[in-house]
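Each structure below appears as structure tokens.
Both complexes below contain subunit A, partnered by subunit B and then by subunit C.
Entry: the complex of A and B
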């Protein structure tokens, strides 16, 4: 009986809070309570089931394709370490491309059908899997690699016997974040002109002001995301029977000099330009919407309105930056703090974890008006949305990271009767740092994406608004300029976080640095 | 098509003489949900290869495009040798690029967007005008109404920031101080108005006010077209290349559109029901679709279309559009409009 109460208690509490919130917000047309949602679902079982099966199928294909791509990139990077920098650089650039711009271009290229939905779902997941996977592939004691080497075996053997096993918990953390992300990616893909699916219904019900229907769709989407998250988590626990080993690695000095860093960055930029220019030419994309690098260069330098173009871009970028930075930092702090809090007080986990997943899984299109109602149309609303997007992957990663604390060291602390707080400070938080920084890096593009989406939907300022506005008036030069700017800014900030990360991890997790 | 098995549902001919004449010329009025087999419209017996043609819609499937659904369901395009696919739009869907790229023969855009695309190098011509009157309204609540442009100063107006030039143009046309209006950037939803966050919304006559009516709130709407904002909307665009090389297909496509929309006008309820039936996964509410279908009629049909046929425009109309476009910062010439396709449609 008591276990039943303990199990069902948080869920009942959440439902009660939700119903109460709906009652408070009645008349504002932003939130429907659980009763209204249940009634709507009971009335429209066929509609919602068909839409769900379409979106779920697309999300599943995207999940599969995206994660497969991540694994292939990671494996290639481990076998040819020289290519790793270029591969992850290209992967980052593709991940930083704003959905608002890639969606319509995918639609033109792929025509009607499910292509853009599956592609956007894959794009939403491959990077969040790749980064934890790369961290995991390094998370092995250096003596193990020495052992492989002493048998005269090479990188492939190290990958199969050491790295693959070491990476499993990290891979599963990535997959866990990927599951809800794939679903959201497929829904956003439907905005580009799909015939059916939950995203299509979201647009319809938003415009029809059918709040119970809108929240029913949101709840179904969130429910599926939570189920997928929990299923991957359950799978993960099967692989986590062994306690993580102590990872000792000698601190290394940075291998790359400043000159070689600049060199590899140049190679990356050239590769991106070649792919962009070559790709648009090879696919015969019409220059009306598929602009080439020289078009953009001309628009910024030699065109008669070049000065106005530059100013519009910089102004929008400044507006966006003012929202991204506080939201990003708040999201990181919140995610890490919550993971630590749940470690200290696991009782709260049953209440907080579902709420955290739900907050992240409910489509941003649905939550944006609610956040705006609570926090207003100004900066706080957008900052909150950015924080929400960054918070969840950080939270998941940090939870996994806390679990990576080496068992032997914990045993020593327990032997000295050190309490949970001491264990946390001396063992678990240092063990959490690689995961935290991995999510901090991934959070950069996510934060910029969240800000631009919020600007598009709620505030009408900044780069998000500029992108949508340019697309609507066929100003594809400006659209591509914003894409390049957003991508460059994401990549540079990412590099900045990576710089801090290297300095911190050199002390706490040297195996992650420069190998 | 499943509609073939459905019982015949004949449309009552419209009362207006011009439209009736147009329909008589076509000889037959075919059923919406499909006329029983053996009826006058022959179908499924195309002896020649069908030409695949894409029609890029500007938004999600809804009664907004019901005339096209009627033409498709009744096989009017197939009988003319066209295999038409209706490509759905959406909030992040491209409309102009598929037409430029050739994925769609015709797209549904608006005069301002077409002009913008032309300024960016797209070789577009407007070949038909579905919405004779621009559907933009300022919607407000009855206890705080905005009935004329003079009511605007001091009010908070919710809109997508992208639409600011629209309101600016309206103010210029009516000598209203734009600076005295407070613009509130909002999502495209009636929620901010109903929650009291704004006093008015810049929206379409046929969407948000309909949604409010379905929630029991009779919004006041001030149609901007009634206050000098002349701008063709839901215009059919095609490339100059298609106008030269695919005239036959364009004429057949627009003939089907005209026929479909005339049938739509004759029975908007049937058109709405057909829309809901054809797109069961689109989440369409039958009552909402019926009301929207009804409210579209005065925007799409006028004495002008009665006299000359669906989609028509005059040189004076073009001049008025050019003036509005200049207020929106777009310089265009009358060349943007090409009536030759419609002339062929309505002559034959």
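Entry: the complex of A and C
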């Protein structure tokens, strides 16, 4: 009974607060309480069930395809280690593609079916699976590989007998994050002109300002995401898989000189250009939709309106950056600060942690219309959305990281009667850094995605808006330009965070970068 | 009962310099007689394990070569002729004891032999634990399992890298008594890396004392004590004399070390 109270307590409290807030905000058309949501769902069971089943099916196919791609990339990287850098670089570039812009492009290229939703769902999941999977594949002690090598066996045997099983807990941690992410991808795909699904309902109810309906769709999307997250977690417990020490390990330290690093970056850029250009030509994609690199170069340099194009891009980029940066930094700071605070006040932790874990699995972007309803169409709403997108993964990862502090070092501090604050500063915060930086890195594309979705659905400014406007007037050159700009900015910022991460971890967690 | 012909190991001009420029092994010429157990003794970090890894084919020499019965280590390893046991038992945590031991035959591309696996489990005193996972075994039991795994392919060459190094004194003594009779009748050529001079004398037919890094041989001592050797042999005058010689050579090697002379 007490277990039941402890488990259900936070949820009941949240429901009560939600209902209270709805009562206070009644008449402002921003917030529908749980009773209104239940009433709407009871009145429209067929509509929501049909939409949910469409979105779930698309998400499931995308989940399957994206994770299969992640496993294949990881396996290829293990069998041909020389190609690993290029493979992960390409994977990062594709991960940084702005879903908001790739959605409309996929829509015109693939037509009205479920193709774009499934593709976007796959794009949303494969990287979050690939990174922990690669960490897991490398996580085994070197002596296990010596054992395999001592029988004269190579990489394939090491993969089959050691790496595959050793990476399972990491794969599962990735799949757990991927389950709600697939749902997010499918919904964003539906935003871009699908005929059925929860994303379509979201767009419709946003336009109609149907507050109870909008809240109901968001609650259903959140509920399904939490259920998917919990289901994959339960699968791990069912097979008694141990929890990996750090959910997302940092990238492998490049041991080459500066020149060789510049060389690999050049190879990556050339590979991206070759795949893009060669792919569009080989598949005979209509050049009107599928722009090639020279088209974009001409639009920026030699076209009559090149100056105006550059001006429009830069202005939109500045507007988006002004939302992304404060939101991203606030999300990181609040996530880490709350984790530390709850460590010092464990009583609160029992209340907040289950909620945070549940909310982390909610694809925040699918609830973007709610945040916009609550905080308005201006900058604060978008910044809050970006911060939320970064906050929950950071908070959960930092909490996990704080618990990873090495017991023997803590014992030494306790031996000197060091209090919780000293333990925190000297042991726990350094132990938290790998998890913090992993979320900081993965948060970069997520923050940009959140900002562009909010700009698209609500603010009417920035790159997100420019993407939607370009798509609506069939200005595919501008749409591709925004894709390239956002991808480059995302990948560069990701690389920048990884650079800081390596330097910090070399001091505080050298075992993480030397592996 | 040797299944395969004993294999001599010949190191010719064998040297190793690590990528960071540290010289681990000076050019070494040594032959390990077939069927003999040789202990490599030396201070920590002197290059004993490097030598073992070169013989196993796990690392490539910077100069010179290793030949096992006329073939390079990689070729012999691919034939399943080499087995290695490490200080860490390196049992895969998700496999049962039986499957961990059977894994060696799978890796060596030898046909499955459940009877041999069960026989080995019995010989190392782990009956009843066949279906147990490593986490539920003690350190000594895991190390026994690792030795059983190494023997599961009936290797011609057995390389033991401080296999008892992480164990308590009592368990070490017990394993040092119980395990050598398992590999000695197989006629394997065995190299044993150890820090313990007593262990070296107890287990081997020959002791190579190595200097501090870069390793060179400072003494090559035969151990003409009859097998099997009960633990009481450690109190015999012959045993103590050989141990004293080895210790003196170790001390001399350290004293003559250029690194120390520079200090």
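Assorted remarks:
In the analysis below, the second predicted complex is superposed on the first by the 380 of 515 C-alpha atoms of A that agree within 3 Å, B and C clash if a C-alpha of one lies under 4 Å from a C-alpha of the other, contacts with A are read in each partner's own complex, and residues count from 1 in each chain.
Basically, contacts are C-beta pairs under 8 Å (C-beta built on N, C-alpha and C of every residue); 3 or more make two chains touch, one makes a residue touch a chain.
A quick note: this is a predicted structure, and the numbers were derived from the prediction, not measured.
In the superposition on chain A, A:162 makes contact with subunit C only, not with subunit B. In the superposition on chain A, no contact is made by A:324 with either subunit B or subunit C.
Contact with subunit C, but none with subunit B, is seen for A:153 once the two complexes are overlaid on the shared chain. Of the two partner chains placed by the overlay, neither subunit B nor subunit C lies in contact with A:484. In the superposed pair of complexes, A:316 makes contact with neither subunit B nor subunit C.
Judged by the touch definition given at the top, the superposed model places A:122 against neither subunit B nor subunit C. More subunit A residues lie in contact with B than with the other chain of the pair subunit B and subunit C.
The interface of subunit A with subunit B does not overlap its interface with subunit C at any residue. Residues of subunit A touching subunit B in their complex: 27-30, 47, 50-51, 54, 99-100, 103-105, 107-108, 111-112, 188, 190-196, 200-201, 203-210, 213, 285-289, 368-369, 373, 377, 457-461, 465, 468-469, 471-477. On the side of subunit C, the complex with subunit A involves touching residues 53, 56-58, 74-80, 82-84, 86, 88, 90, 92, 94, 103-104, 106-108, 153, 159. Residues of subunit A touching subunit C in their complex: 141, 143-144, 146-153, 157, 161-162, 165. For subunit B in complex with subunit A, the residues that touch the partner chain are 60-61, 85, 87-94, 96-98, 100-101, 103, 113, 116-117, 119-122, 160-162, 184-191, 194-195, 207-208, 211-212, 214-215, 279-285, 288.
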